[in-house]
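Just below sit the structures, each encoded as C-alpha cells.
In what comes next, chain A is part of two complexes: it sits with chain B in the first one and with chain C in the second one.
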Partner chain A sequence: MSDEETPMRDLAALLWPWAVWAVLLLALTLVFSQISPAMARITTDTLIKLVIVTGLYIFVGNSGILSFGHGAFLIVAAYASAWVTIPLAMKGVILPGLPEVLRGLQLSPLGGLLTGMAVAGGLGLLAGIPLMRLSGIAASIATFAFFIVISVIYNNWTDWTKGTASLVGLPTWVGPWAALAAALVALMIAWIFQNSRAGLLLRASREDLVAAHGAGIRVMRLRLLAFVLSATVAGAGGVMLGHNNGALTTANNVYLNLSFIVIAMLVVGGIRSLSGVVVGTLALSVLAEIFRRFETGVEIGGMMLQIPGGSREVLLGLCMLLALIMRPDGLSRGRELPVPGFLRGGRAKAAKTETEALQ
Partner chain B sequence: MTHILTATGVTVRFGGLTVIDDVDLELRPSEILGLIGPNGAGKTTFVNVLSGFQKPQTGTIRIGSDDITATPPDERVRRGLLRTFQAVRLFPALTVAENLLAAAFAMGQGRKEARAEIAVLAGLLDLEGWLATEARALPYGVERRVGIARAMMARPAFVMLDEPAAGMNHHEAMAFLSVVDAIRARGCGILLIEHNMDIVFRLCDRVQVLRSGKVLASGTPDEIRNHAMVREAYLGSAAA
Partner chain C sequence: MSFLQMLIDAASVGGLYALTAIGIGLIFGVIGLVNFAYGEYIMVGAYVLLLSAGLYWPFAICAVLIFVVLFALASDFLVFRQVRRAPPETLMIVSFGLSFMIQHVWVVMFGSLTRTVNFLPAINHSVEIGGLRIAGVSLLQIAATVLLTTVLALFINYTRIGYQMRAVSENPRMARLVGVNSNRVIAVAFAISAVLAVTVTVLFVAQTGSMTPFFGVSLTMIGFVATVIGGMGSLPGCALGGFLVGTVTTILQMVLPPHLQPFREAFVFTSVILMLLVRPQGLIAVRSAWERV
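Let's turn to the complex of A and B:
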C-alpha cells in the first residue's frame, strides 16, 4: 500500500515463510537421508506425512472445520494409482477381477500420481457437496462417517483391492527426494491458497460465520473449493505412501491410525498456520520414532528399556492431549514465520511500528 | 435508476411471542432514517429481517421492484444491502486491512481497487495506524469504526448501522457524526439504530419509533421529539 513497495519485494515477502521451510527441509533431507538406509526411510515417511498434513491443513486450517475423513482420500488415491501402475503381467495375476480397460493400462509414476490425485479430488467434490453444508461438530462427525463408508467399501471390494490382504507389486519410486519435492509443492500450494482471495475469505468465515454471511461471503462454495484442493493434495500423499511401501492394505485400521497421527501432527503444530504444519509434523515424527525404538527395545547404560507394543499411539495421544491443554493454538501459536524488515514495505512497516507503540 | 428499500407488513413471532407486528419501512438513497425505541422493541430483530438473518412470518422486503424476502444474507449484500452488528463481529485473527480486504473480495473487487478504497476509508474513519493490527487486539471504539469501514468496503446502496455509537465517549460520538454524513454523501441510504438521541436528532431526516414490535410513530426529528406518546414511552426528558 506504499509507493515504496515493488511487485518483486511483495512477491519475495509473500514467499519468504515458504522459502525458509523449504531450505530447512532440504537441509534435513540432505543430512538424514545420508546417515543410513533406515534414516532415509524415516525421512521419506516424514515427508510423505508432511504432504498429507499439508493437504489436511488446506481445508481444516482455512475453514476451521476439523476433518476426520481425509483417510478416505489417501485410500482412493493410493488404490487408483496402484490400478494404473502395477506392471501388466503382475496385475493380471494379482487382480484378475479388474475391468479389462484397467488390466491393460500401464501408466508412468507421474501418470499414477495424477490419476490418484484426480480420483481423490473427484471424490472430494462428490462428498463435499453435501458435507460442506454442515458446520462445526456435525461437519466433523459427517467427515468421519464418510471415512468409515469408504474404508469399509475398500475393505470388502476384494476384486479390485484384495480386501484386507496386501496388494503388492506397486513400483517403488518414492524415496526421500521425490517425497521432498512433493512436500515442497504441497506446501507451496497451501501457502498460495492461504494467501489468495479465496483463502482470505475462507479464513474470514472461519473466524465468524455470521459476519462472513453479513459481508457477502459465499461460504459453502469456498469450503467446497478448499475441500477438493485439500483432498487432491492429501491424495498425492496417499499415492506416495503406496509407492514408498510397494504394497497397500486396508487391514488392521492402517488408515484410521494414520489419520489419527496426521490430525495429531496438525493439532500439536497449530491448526491455524502452515508453519504449524511443518513444526507439528517434524516434532511428532521425531517423537514417534523415539517411541518406536523404545517399543523394540533400547539399551541405555547396559540396561534394556522396552515399552509395550502399541505404546506409541498412546504416547502420541498424550502429546496431543498435552498440547491441547497447555498450548491450544499449537507449538506455532497460529503464527507464521515473520517476514524480515528488508522485505516489508516501508509504509506497512511504519504502520506496524505505530500500532505496536499504541499498544 | 433510484431504488428504494421497502419493508411491507413484516411480522416476526418467536413461538407465541410477537416481536415484530406488521411493520412497514421505506429507506431512500442518501437518506438517514433513525429507528429508535426502548430495549426489546424489536429493532435488531427488524434489522435481522431486512438483512436476511431472520425469516419473517409475513411481509415482504424489496429493493426497488425486486422481492428479496427469500434471498439469503450474502446475496442481499451483493445487491447492495449491508449491515453492521451490535456486537461488531469482526474477523478476530485477521488484521484490520484483511478484514476490509475480505469485504472487498466478497464483492468481487480487485486487490488494487480494494487497497485504494481501504486507504480512503482508513482516512475517513481514522484507521491508518491500525491496519496491520489483528482485530482481536483493537480497542472498542476502533473496533466499531472498523465494523463500519468493513460494511462500506462493499460500496452499499443501503447500510444498516446497529447501535454504531454504543460505548463511544462524547468526543468519539461527535466525530462519528461526520462519518455518517460522509457515508450519506456517497449516495448511501442509512438505517440508524441508536440510543443516543443527540446523534439521532442531529443526523436523521426521518425517525421511526418502535415499541413492543409495533410502529409507535414516524416523522421528522422535530415531530418525533414533540410526539407526546413517544416522549412518554421512550424519550422522557431526553427530548426536552
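Let's turn to the complex of A and C:
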C-alpha cells in the first residue's frame, strides 16, 4: 500500500458510518411506506422522531449534559410554523388574536420550516446564554425548568396558541419521503458537527471538564454552539410533527411525554454515539408498534393473543428498564460503525503505525 | 392579619414540599440517584388509602406504611441495585422509566380517571386561633414537617446506621472497605424516604380527597426543584428549598393579578432558573456532591 495522501478516501472513510445508516433508512422507508397507508404513517412518525432525537443528541451526546428542555424547542418551532402557514382564510377565524402582520402572512411549507427552525434556534441562543453556565445536575434541572416555563406560557397564551384546545388548519405536507430527507440531513449535520474541531473539543470537555479548561478549551462557548444547533434541528422535527398531524395542542402533557420518549430513545440507544441515536429510535419505535398490535389483538397459530388496554406503555417501560440494566451505556455502547479496511489507510494507517511504534 | 395568614399558608404548603424534597434529597445524598419514581411512592400510597376506605384510620395508615415501604425496598432491590455503578444520567433515566412504568401499571389496574376517597374529613375543619382561621390539615402539615425533620436529623447524626449512611454518602468504596454493609444502609435510606412519602400521601389525600395515577409527577417536580435550590445532598438545604418554593407559590398566588394567575408556574420556574444562575451549588452547598471546576 502506498503512503500517499488520499483525500477522497479519507472523506469516504469519514462519511462511511453516515452512509451506511442512510442506505439502511432509505431501504426501510422504501419497504414500509409501500405496505399500507397505516405503515407509511408509522414510518413518517418514526423518521420525525429520529430528527428530534438527533437534534437532542447534538447537544447531549457531545456535551454530556442531559437536557430535559428540548420539548420547549419543539413547541415554539411547531407553533411558529403554524402561524405563518395556516391558510389566510382560516387564520382569521381560528386565531383572531394574532397581530396584523402575522394574520396577513402566508409562507410556503419550506418558509414555515425555516421560520420554525429560526425561532427554535433563537430561543436556544437566548436560553443557552444563561443555562450553559451551569454544569451537571443543576444544568439538567434548569433546562427542565425552562421547558416548564415555555410550556405553561403556550398552554395559557390562548390568543396565539388556542391553549389546550386544538389549533387546526396546518397544511399536511409531511410524508415518509419528506421525513426521510429531514432525518438524513439531521444525521449529516450531527455527524459533521461531532467530527468537527468544535465537536471534538466539546467531547473532550465531556470526558474531563477540568482537563479541558486546563487545555484552554472555551467550554461555555462550545456548549452554546451545540445547544443552538441542537435546538434548530430539534425545531425542524417539531415543525414536521405539526405538519404531519395537521393540528397542534398543548393539552395532556403531550410535549412532556414526547420529551420523555425522545430522551428514552437516546439513552437506550446510547447517549455517546450517533449510531446509538438510530438504533435507539428504531428499537423503541418497533417495540411500541408491536405492543400496539398486541393491544388490539394478534392471531398466532390459531390463538388470539391480546394484552389488556394500556399495558403497552407498561411493556415499553419494562423493555427500557431491562435494556438499561443490561447495557447501561446503551445498545450501541457508545461506539460508531467501524470503517471497513479498504477505506482505512492514509492518515488513519499512519496514526496506527505511530501508536504501535510508541507502544 | 393577612400577613400572618399568608405565613401560615406558606408554611403549610412549604412543609409538604419540604417533606417531598427531603425524601428525594436523602436518596440523592446517599447514592447519587435522582429518583423520579419518588412521586410514585406517594401515588401508590394514595391508592392503598382508596382500597382501605372504611377501615379505622390508624389501620389504613399502617397498611399504606407497610405497602409503600415494601414497594420502595422492592424498587431498590429489583431495579436500582442492578445499575448501582451506572453513570448518573443513566440512573436518572432508569428512575424515569420506572416511574413511567408504575404509572401505567396503575392505569391498567385503576383507570386513568380521577378517583376520590373521603379520608379523615375531620382534619379539614378550621380552627380559630387569635382571629386567624387555620385548616386543621395545615397545622398537621407544619407539625409533621417539624417532627419528621427533627427525628431524621437526630437519626442521621446520632445513630450507628445514620453514621454509616453519611460514610457511604461521602465515599462508598472506603465505607465498604471499613466494613459498612452499603446495600443495607441504602435500603434503610429507601425505607426512610418511603416513610416521608407516606406522610405526604396521607396529608395530600386528606386535603384533596382525589387521586389519579399521574398526580405524583407534579409533586416530584417541585420536590426536585426544592432539592436543587437547597443544595443537592444537604438535608437542611432540601427543607429550606421546599419552604422557599412553597412561599414563592403562596406569595405569587396573592400578588399576581387575575389574568396572570394561569402563568404562576412559569414565574415559579423562572425564579428557579435565576436562583440556579446565582447559586448553582444551592443554598447550602455540600462539597462531596458537587463537581469540581
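Heads up, the rule we're going with is that the second predicted complex is superposed on the first by the 322 of 359 C-alpha atoms of A that agree within 3 Å, B and C clash if a C-alpha of one lies under 4 Å from a C-alpha of the other, contacts with A are read in each partner's own complex, and residues count from 1 in each chain.
One rule holds in what follows: a contact is a pair of C-beta atoms (placed from the backbone, for glycine too) under 8 Å apart; a residue touches a chain by one contact, two chains touch by 3 or more.
Predicted model, so just to flag it, every value in this text is computed and none were measured.
**Student:** When the two structures are overlaid on chain A, which partner does A:197 contact: first (chain B), second (chain C), both, or neither?
**Tutor:** Only chain B is touched by A:197; chain C is not.
**Student:** Have a look at where A:324 lands relative to chain B and chain C in the superposition and call it first, second, both or neither.
**Tutor:** Once the two structures are laid over each other on A, A:324 reaches chain C alone.
**Student:** Which holds for A:141: it touches chain B only (first), chain C only (second), both, or neither?
**Tutor:** The answer is second: A:141 touches chain C but not chain B.
**Student:** Would you mind checking which one, chain B or chain C, touches more residues on chain A?
**Tutor:** C
**Student:** With both complexes superposed on chain A, which partner does A:211 reach: first (chain B), second (chain C), both or neither?
**Tutor:** In the superposition, A:211 contacts chain B only.
**Student:** In the overlay, answer first, second, both or neither for which of chain B and chain C A:272 touches.
**Tutor:** After superposition on chain A, A:272 lies in contact with chain B alone.
**Student:** With both complexes superposed on chain A, which partner does A:129 reach: first (chain B), second (chain C), both or neither?
**Tutor:** A:129 sits against neither chain B nor chain C.
**Student:** Go through the superposed model and pick first if A:165 touches only chain B, second if only chain C, both, or neither.
**Tutor:** In the superposition, A:165 contacts neither chain B nor chain C.
**Student:** Show me the chain A residues, by the header's touch rule, that chain B contacts in one structure and chain C contacts in the other.
**Tutor:** Common interface on chain A, chain B vs chain C: 210, 213.
**Student:** Taking the touch rule as given, give the residues of chain A at its contact with chain B in the complex, in rising order.
**Tutor:** 1, 197, 200-201, 203-204, 207-208, 210-219, 272, 334, 348, 351-352, 354-355, 358-359
**Student:** Going by the contact rule set out above, which residues of chain A touch chain C in the complex?
**Tutor:** Going through chain A, the ones touching chain C are 64, 66, 130-131, 133-138, 140-142, 144-146, 148-149, 152-153, 155-156, 209-210, 213, 260, 263-264, 267, 271, 308-311, 313-314, 317-318, 320-321, 324-325, 328-329.
**Student:** Touching chain A in the complex: which residues of chain B?
**Tutor:** 51, 53, 72-75, 77-78, 82-83, 85, 89-94, 97-99, 101-103, 105-107, 111, 115, 118-119, 128-133, 137, 150-151, 154
**Student:** Once bound in the complex, which stretches of chain C touch chain A?
**Tutor:** Checking each residue of chain C against chain A gives 34, 79, 82-83, 85-90, 92-94, 96-98, 100-101, 103-105, 107-108, 112, 221, 224-225, 228, 232, 262-263, 265-266, 269-270, 272-273, 276-277, 280-282, 290-293.
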